[in-house]
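So that you can tell them apart, the chains are marked A, B, C, D and E in the order they are listed, and the count of residues begins at 1 in each.
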Amino acid sequence: MKLYKRSSKKAGLSPGTLVHIGEKKTEEVNISMMDYDASQIQEKDAATVGECLPFKEKPTVTWINVSGIHDITVIEEFGKDFNIHPLLLEDIVHSDQRPKLEDYEDYLFLVLRMLRYDEAKEELQSEQISLILGPNFVNSFQEREGDVFDPVRVRIKNAKGRIKKMGCDYLAYALIDSIVDNYFLVLEKYGEKIEILQEEVLSHPTPDTLQVIHETKRDMIFLRKSVWPLREAINALQRGESSLVTDDVSVYLRDVYDHTIQVIDTIETFRDMISGTLDVYLSSVSNKMNEVMKVLTIIATIFIPLTFIAGIYGMNFKYMPELEWHWAYPVLWTVIIVLGVLMLISFKRKKWL
Amino acid sequence: MKLYKRSSKKAGLSPGTLVHIGEKKTEEVNISMMDYDASQIQEKDAATVGECLPFKEKPTVTWINVSGIHDITVIEEFGKDFNIHPLLLEDIVHSDQRPKLEDYEDYLFLVLRMLRYDEAKEELQSEQISLILGPNFVNSFQEREGDVFDPVRVRIKNAKGRIKKMGCDYLAYALIDSIVDNYFLVLEKYGEKIEILQEEVLSHPTPDTLQVIHETKRDMIFLRKSVWPLREAINALQRGESSLVTDDVSVYLRDVYDHTIQVIDTIETFRDMISGTLDVYLSSVSNKMNEVMKVLTIIATIFIPLTFIAGIYGMNFKYMPELEWHWAYPVLWTVIIVLGVLMLISFKRKKWL
Amino acid sequence: MKLYKRSSKKAGLSPGTLVHIGEKKTEEVNISMMDYDASQIQEKDAATVGECLPFKEKPTVTWINVSGIHDITVIEEFGKDFNIHPLLLEDIVHSDQRPKLEDYEDYLFLVLRMLRYDEAKEELQSEQISLILGPNFVNSFQEREGDVFDPVRVRIKNAKGRIKKMGCDYLAYALIDSIVDNYFLVLEKYGEKIEILQEEVLSHPTPDTLQVIHETKRDMIFLRKSVWPLREAINALQRGESSLVTDDVSVYLRDVYDHTIQVIDTIETFRDMISGTLDVYLSSVSNKMNEVMKVLTIIATIFIPLTFIAGIYGMNFKYMPELEWHWAYPVLWTVIIVLGVLMLISFKRKKWL
Amino acid sequence: MKLYKRSSKKAGLSPGTLVHIGEKKTEEVNISMMDYDASQIQEKDAATVGECLPFKEKPTVTWINVSGIHDITVIEEFGKDFNIHPLLLEDIVHSDQRPKLEDYEDYLFLVLRMLRYDEAKEELQSEQISLILGPNFVNSFQEREGDVFDPVRVRIKNAKGRIKKMGCDYLAYALIDSIVDNYFLVLEKYGEKIEILQEEVLSHPTPDTLQVIHETKRDMIFLRKSVWPLREAINALQRGESSLVTDDVSVYLRDVYDHTIQVIDTIETFRDMISGTLDVYLSSVSNKMNEVMKVLTIIATIFIPLTFIAGIYGMNFKYMPELEWHWAYPVLWTVIIVLGVLMLISFKRKKWL
Amino acid sequence: MKLYKRSSKKAGLSPGTLVHIGEKKTEEVNISMMDYDASQIQEKDAATVGECLPFKEKPTVTWINVSGIHDITVIEEFGKDFNIHPLLLEDIVHSDQRPKLEDYEDYLFLVLRMLRYDEAKEELQSEQISLILGPNFVNSFQEREGDVFDPVRVRIKNAKGRIKKMGCDYLAYALIDSIVDNYFLVLEKYGEKIEILQEEVLSHPTPDTLQVIHETKRDMIFLRKSVWPLREAINALQRGESSLVTDDVSVYLRDVYDHTIQVIDTIETFRDMISGTLDVYLSSVSNKMNEVMKVLTIIATIFIPLTFIAGIYGMNFKYMPELEWHWAYPVLWTVIIVLGVLMLISFKRKKWL
C-alpha cells in the first residue's frame, strides 16, 4: 500500500481537465443502474451513461454505479449529461482525495475511502468512492469492480427494511453506512494482529516482530488519514444544512457519525497499543541483552584472575621457590576454588545471579 | 479485558436490525421495576416488559431495570411498548458504545460504562449501561446482573434523602452519580497499584515489574477512553437544554460533571506517574548495567596486562636472560603489584570505583 | 505527598451527605471571626458558628475563618446558619477538589489549593482552601491551623492600604492574592533545587540525582494540577459576571490572573528544564559508559594479540626452531612493542584516545 | 537550503524603507507584461514599469511579472506608479516572508513560496512569489528567472480553457494553482526518497542513511513551514470577503484550498514515515549490536574457562600428579569438549543461538 | 541567564506596594525627554519626572524614557504626576512580567522584553521594557542604560520618514518595531550557533557539543517564553479597539504582528533543528560506540580461541604425542592461520567489517 500517489501528472494542466490519477485497477468500465420507488424496481447494466438519462428526471430514486474511473470519456459524458461542475469531475478521477463533502447547491458531493484488508498479501487496500447526491438520483463511482454495497442492493431488491420507501438521501446514507460498517471489519483484522503481536513480543520477540510492528504502525497512520476527515464531512452532512437531506435521514446520519467517531477512537487506541507493544519489545530485547552481558561479565570476572594465577606458575624462572614446594599444587587449587566461590557469593549479593 | 470488541457481525445489516454485539455476560434476562412517588412505592420482578406497561403512563416515577441485553426479543418488545427509535435499540444491544447523550425530544438516551476492578483476576471489567429518561419513566439496561445501584434502591425504599420527593430526572442523576462515584473506587485500586510499583521499581525491579507497568498503562488508556466522552455527555445534560431535566437537578448534574473532570484529571496524573515509573525502571536497569560493565572492565583491565607479562616469562626461548636472574621472580611480583595498584588508583581518580 | 486521595468513602452515599475525605490534619476545629468597616474592627475566637451569626446580617465585612474540616457537625451547623447548598458543603469536606469557581447566585464558591514546601521533609504539602463570598461576609475553610493570611490580618488591623475601606469582594481578592503570591515562594524553592540539580548533573551525577530529578518532575505534575484550573476560575471571577464582584476589584483580580498565568508559565519552564536536566544526566552517564568501554577495548585489543604471541612461544613442541635462535627473545620484544605502538597509533587516528 | 535568512540588515530602519533581504538570485531584473481579454492579447518585455502603465487603467486583464527583486529602484518606481503601500513593497523585497494574505481594500496582496527540488545538488530550493491582485491587473514578483507559470502563459496565448474569458481573479487563481500543483512534484521526489530510505534501512543501514534521514526530516520541517500558513491565506481568499474575488472563482479557490490541505496531509504523513524509518534504523543498528555482543559473549564464555584449564596444566610445579598420568591428556581433551558442548547447549536453551 | 526571578519579596505585601524585583542593572536612574511635533523638537535630560510635567498636557508628542527602575521613589512620583494605577506601577518594577497589553481606558500599558546576545559571555540577556501610551505622551521604562531605540531617536531628530508628522501611537509603534526587529539580530546569532553545532556534530562531536546543544535548547525555551505572549498583545493592540490607536497606525502594527509570528516560527524551527542536532549527536556517539564494540569483538573473537590452542600445547603433560611430532609446530601455525582467516571471512559476510 502506498501512502501517497503520484499526482504530478496533473501539474500545469488547466483546471477541470480530466486526467486519471492513481493505479488503473480494472480493465473495463461497468455502469449499472437501479431505479425504484416503494412500488416498483428496475435494474439495468448500461453500456453508456446516456442509457440511464431517461430515469434521471423521474421522481423515482435512480442509483447509477460506475466501476472504473480511468476512462475519461465516460466521466466527461456523465458530466455533460448530469450537468456536473468540471472541478467535481476532476476530483472523481483523481483517486487520491481525502474524504470531504462539497455542496454544489443542486447536488452534494461526498468523497470516501473504501478499505479492504487483503489477507493473502497481508496488506491494506484502499479505494476512492465518490458519491453525488442529487434531488432524485445518487451516483457512485468506484475504482474497480467489487464493493461493500451488496447488502444494500439485496435490501432494495427484497424491499426489506425502510430503504424502498425512502428517498435518495436514505440511499446515500445506506451506502455511507455500509462503507463505515466495513471499517469495523478492517479494524477487527488489526485488532487480531495486534493481539498476536502482543503475545509474540512477550514469548519470543524477533527482528521480524519489530518489522510487523512498524508496518502496523504505518497502516494505522494510513487508516487515520482515511477516516479522520470523514468525521467532519459526515457531521456537515448530518447538520442538515442542505435541503437534499431530510430531517428523517439526519437521525440516521448522526448514527453513522457516531460510528465514525468510534472508528477513530479505536484507531487511536490501536496506535497507543502498538506504541506500548514497541516499548515492550525494546525492553525485552534490552533485558535479554542485559542477561547476556551479565553472563559474560561473571564468567570473565571469575576466570580472568584465575588464569592470571595459572599464568604466573607457568613462568620459567629458575628461582621460583613455590614450584619446589610439595603441597604447592593442592594449595593453589584451594586458593583458586576459594577465590571463585568468594566471587560467586559477591555476585549473589549484588543480585547479578 | 479487550480494548475493542468484534463488531463485524453487524456489517451490512439494515440499520435498526438488532444484533447483540459483545460477550453474553449472563444467561437469563431479568426485568425489575420500581414505581414510586413521595407517598408510596411498588416493586416488581417482571417476566416481560409488558407487565410494566400500566405504570408507564402514571405520573409516578417508574424505573425499569433490564439485566442482560443479549435477548433481542426482549429489547424489541420494549421498543414497541415504549415507542423507542430503532437506532436507539441498536445502540443498547451493541455493547461497544462510547459514552454519549442523544436527545430524541420525547426522551433522552445516555450511554455510560460501569467499571469494576476484579481483584481475583487482577483485571479491569467494563459493562455498558444504557439509560433512557422519559417524562415519567427511567429505563436502565445492563449487560449482566449485579450493579452499583443498590445504594440508590436502598434510598428509595427507606425514603432517605431527597430522592422519593423528586422526579425522574433526579433518579437518572442518582444512577449516573453512583456510576461515577464507583470510578473513584476503581481509581483507588490503581492508585495503590502504582504506589506499589513505584516502590518495587526502586528496591528490586524485575522484568515482571515492567510487564505490570505496561498493563497498567494499557488499563489507563481504556479508562480514559471510557470516561473522557462522558464529560461531554454530562455537560450537555447539565446545560439543561432538554425540558426533561429541571433546573433543580441541573445543579446536581454540575456536581457529577465536576466529579467526571476529577476522574479524568486523576487518570491523566496516573498516566504521568506510570510514565515516570517506567523512566525510573529503565534508568535503574541501565544503572545496574553500568555497574556490571564497570566491574568487568576493571577486572579485565587489571588482569589482562598482568597475564600478558606472566605469558612472556612462560615462553620457552633458550636465551632469555631474565629467567636466570636470581631476583627475577620477586622483582616480577613487585612489578605486577605496583602495576595493579597504579591502575586501581587511576580508576579511583576517574570515579569508576 | 500523595497525588490522589482515597475518596472511596463517599461512593454510594446520598448526595449532600457530609463525609470528610482526606487526612485529618488538625485535632481541634478553630473558628475565628473579624468584623470590620472603614471605622471599626471587632475580633473573636468563636466556639461555635452560631456566635458569629449576629454579624452576618450587618453591612460590615464579616470574615469567618474555620481551621479544620474533619468535624462534620461544625460544617453542618454552618450550612444551616448561612443557608448554604448541601453540595457546596460536601465540596468543603472533600479535600481533594480541583480549583473551581461556582456561582450559587446568592454567594460565590471558590476552591483553591494552598501550597507549602516543607524543607525538613523536603516535600510539597498541599491544603484545600474553600472560600464563600456572600453579600457581606467571606467564609474561609482550611484543613489545618497555620496559613498565609497573616499579612492580610495585619493590614486589616493596622488599617493599612485600601483593605478596610473596601468590601467583601476586596477581602476575597486579598485572600486569593496571598495564596497565589505564596506559590512564588514555593516555585523559588524548586528553582533553587533545579539549579543545584543542573550543577550536580554536570559535575558528579549519581543514581540519587536521578531519583531527585524524578521526584521534582512528579512535584511539577502536582503543582500544575493545582494551579492550572485556578486560572480558569479566577478568569471567571474577574470577568465580573456576578454582582458580588465590583468593577473596582475586577482590575485587581486581573492582576491575580496575570500572576496565575506567570506561575503556570514558570511551572512549564521548570518542566522543560527538568526534562533537559534528565537528558543531560542520561547523556553524561552514557558518556561515562563510553569512556569505560573504550578503555576496556583499548587494553583488551592491545594485550589479547600480544598474549597470544607469548602463548605460542610457551608451547612445548619439541621442534620449534625459533626457540633455539639466539636473538629470538629480543626480536620478539621488538615485535611486541612495534605491534603495541602501531595499535595505539591506529586508535589515535580513530579518535578513541 | 537555509532554514532562516539573515534579516538583520533591516533592523533599525524606518518602516517602509526598502532593503533587499535574501540572496541575490539573478543578475538582471526582467519585466514582462501580458494584456488580454476574450478577444485580443498583447505581450511585451518592458524595460521599466512605466512602459506598462498605459495598460493598467484599461478594462482588460494586465499581468505584469517582475523577475528579480534585488533592484530597489524598480520596486520603488512600481510602488509609485501603482500607488502601493510602502509596507507591501517592503514585504516584496524581504524574501523571507511566510505565506500570507493582506487586504489593502484597493488590492489584495498574497505571498507564497515556490518550491523546487534540485536533483543535481539534492536539495530543496525555495523562492518567494508575491502577487498583487488589483481591479484589472495582476502583478507577480519572483526572485529569479524561471518559474512554473509557463502552462498558464500557454493557456492564455492559445485561448485554451476558461482563462481568456475570465477576469483578474481567475488569473490570480491560475497562478496560485500552478504553484500549489508544483508542490505535488516536490512531494513526489520526497516520496521516492523516503521509499528508497525505507528499503535501505532494512537491507544495509549505514551512518549515511541516518544522515539522509535527518536531512529529509529537516526538509519536511521547511516544507511544512512553507505550506502551513498558505492554507489560512487561501481560505481567507476563498471566503470571498473581498469584492475583487468573484463567486465564480471562489469555487476554484476552494479546490486549491483542498489541494493545500492534501499537501499538508502528505507532509504530515511523510514526517510520520520518516520517524518510523528512523525508529527502524535505530532498532536495526541496535539489533546488529546485540548480535555482535552475543557472538563475543559466546566465544569468550566458552574459551575463557577452557583457557584457564590449559593454563593450570601449563604450570611448572614439581609435584603435579596429573602431569604424570598416562591418559591425562586425552581425558583433558574429553573434559574440554564436554564442557564446551554443555555450554553450547545451555546457550541454545537461552535462545542466544 | 536565569529562567526565573526571585519574586518572593513581594509575597504578603499590600497590592500596589512598590518593591523592585529583579537585578539592579544600573546605578543611577536616567530620565530623558523628547517633545516634538511636525514643526519643532525639544530634548531634555530631566533630574525628576516633575520637570517633564509641563509638556504632558501640550498637544505635542512627549516621549519620556526612564532607564533604571530600582528607585521606587522615582516610579512613585511618576505615578502621582501622570495619575497611573498602582497595579501598573507594580508591574513596571517587577521585572519578571510576561509580555502583555492592558487597557486602562485613559492609557494603554504594554510590557515587552528587549533581548541582547552578549557575545563575550556567550549568553542571552533580557530586559523588561514597559510602555505607557497616553493621549499625547509615551512613557518607556527600561532596566538599564543602553537600548535599541537610537534609530528612532535619529529619525525624530532628522525628521526622517513619517515619524515626526504622526502621533503618539506611531511613536509607540516605532519603539515596538525596533524591539521586534532586534529579535532578528538575536535569532541570527542562534542561527549561526546552530549551523556551527550541526557541522561539529558530524565532524567531531564531544561532550562539550552536547553541553552547548542543551544550553541553546534552554535559550530557545526562554526566547519562546519572551515572544509567544507578545503575539497576542500586539494583535490586541492592532485590532484597534482602543481609541488611542488610529487606523493608520493599525496597518503598521499588523506588520509588526507579522514579524512577531515570523520570529515565533523561526524559534520553533530552531527548536526542531536543535532536536535534530541532538539526535544526530546521540546517533553519532552511539555509532562510534558500535565501531569500538565491533573492533573489540573481532579481536577478542579471533584471538581468544587461538590463545586457547596455544595454551593447550603449553601444558606440561608427560604424554602428549603431538609435542613429539616433527611437523606439529608448522601444522599448528597453519591451523591457526586458517582458523583466523575463516573467522575474518565470516565477519565480512556478517558485514561487521
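Just so we're on the same page, a contact is a pair of C-beta atoms (placed from the backbone, for glycine too) under 8 Å apart; a residue touches a chain by one contact, two chains touch by 3 or more.
Predicted model, so just to flag it, every value in this text is computed and none were measured.
J.: Between 0 and 180 degrees, and as a multiple of 5, what angle does the rotation take that fits chain B onto chain D by Cα atoms?
T.: Superposing the C-alpha atoms of chain B on chain D needs a rotation of 145 degrees.
J.: Looking at chain C with chain E, do both copies bring the same residues to the contact (over half shared) or different ones?
T.: Under half shared, hence different.
J.: Quick one: chain A and chain C, Cα centre-to-centre, how many Å?
T.: Centre separation, chain A to chain C: 42 Å.
J.: Roughly how far is chain A from chain D, centre to centre by C-alpha average, rounded to an integer in Å?
T.: Distance between chain centres: 26 Å.
J.: Please tell me the distance, in whole Å, between the geometric centres of chain A and chain E computed from their C-alpha atoms.
T.: Here chain A and chain E have centroids separated by 42 Å.
J.: Mind pulling the residue numbers of chain D that touch at least two other chains?
T.: 293, 296, 300, 304, 307, 311, 314-316, 320
J.: Take each protein chain as a node, join two nodes whenever their chains touch, and name the resulting shape: line, ring, star, complete or other.
T.: The chain contacts form a single closed ring, each chain touching exactly two others.
J.: Can I get the ring sequence of chains, opening with chain A and turning toward chain D?
T.: So, from chain A then chain D onward, the ring reads A, D, E, C, B.
J.: Touching chain E in the complex: which residues of chain D?
T.: 3-4, 6-8, 10-17, 85, 87, 90-91, 96-98, 100, 102, 204, 207, 210-211, 214, 217-218, 221-222, 225, 278, 282, 285, 288-289, 291-293, 295-296, 299-300, 303-304, 306-307, 310-311, 313-316, 320, 322-324, 326, 328-329, 332
J.: Once bound in the complex, which stretches of chain A touch chain B?
T.: My answer: residues 148, 150-151, 155, 160-163, 174, 177-178, 181-182, 184-185, 187-188, 191, 202, 251-252, 254-255, 258, 261-262, 265-266, 269-270, 272-273, 276, 279-280, 283-284, 286-287, 290, 293-294, 296-297, 300-301, 304-305, 307-308, 311-312, 314-321, 350-352.
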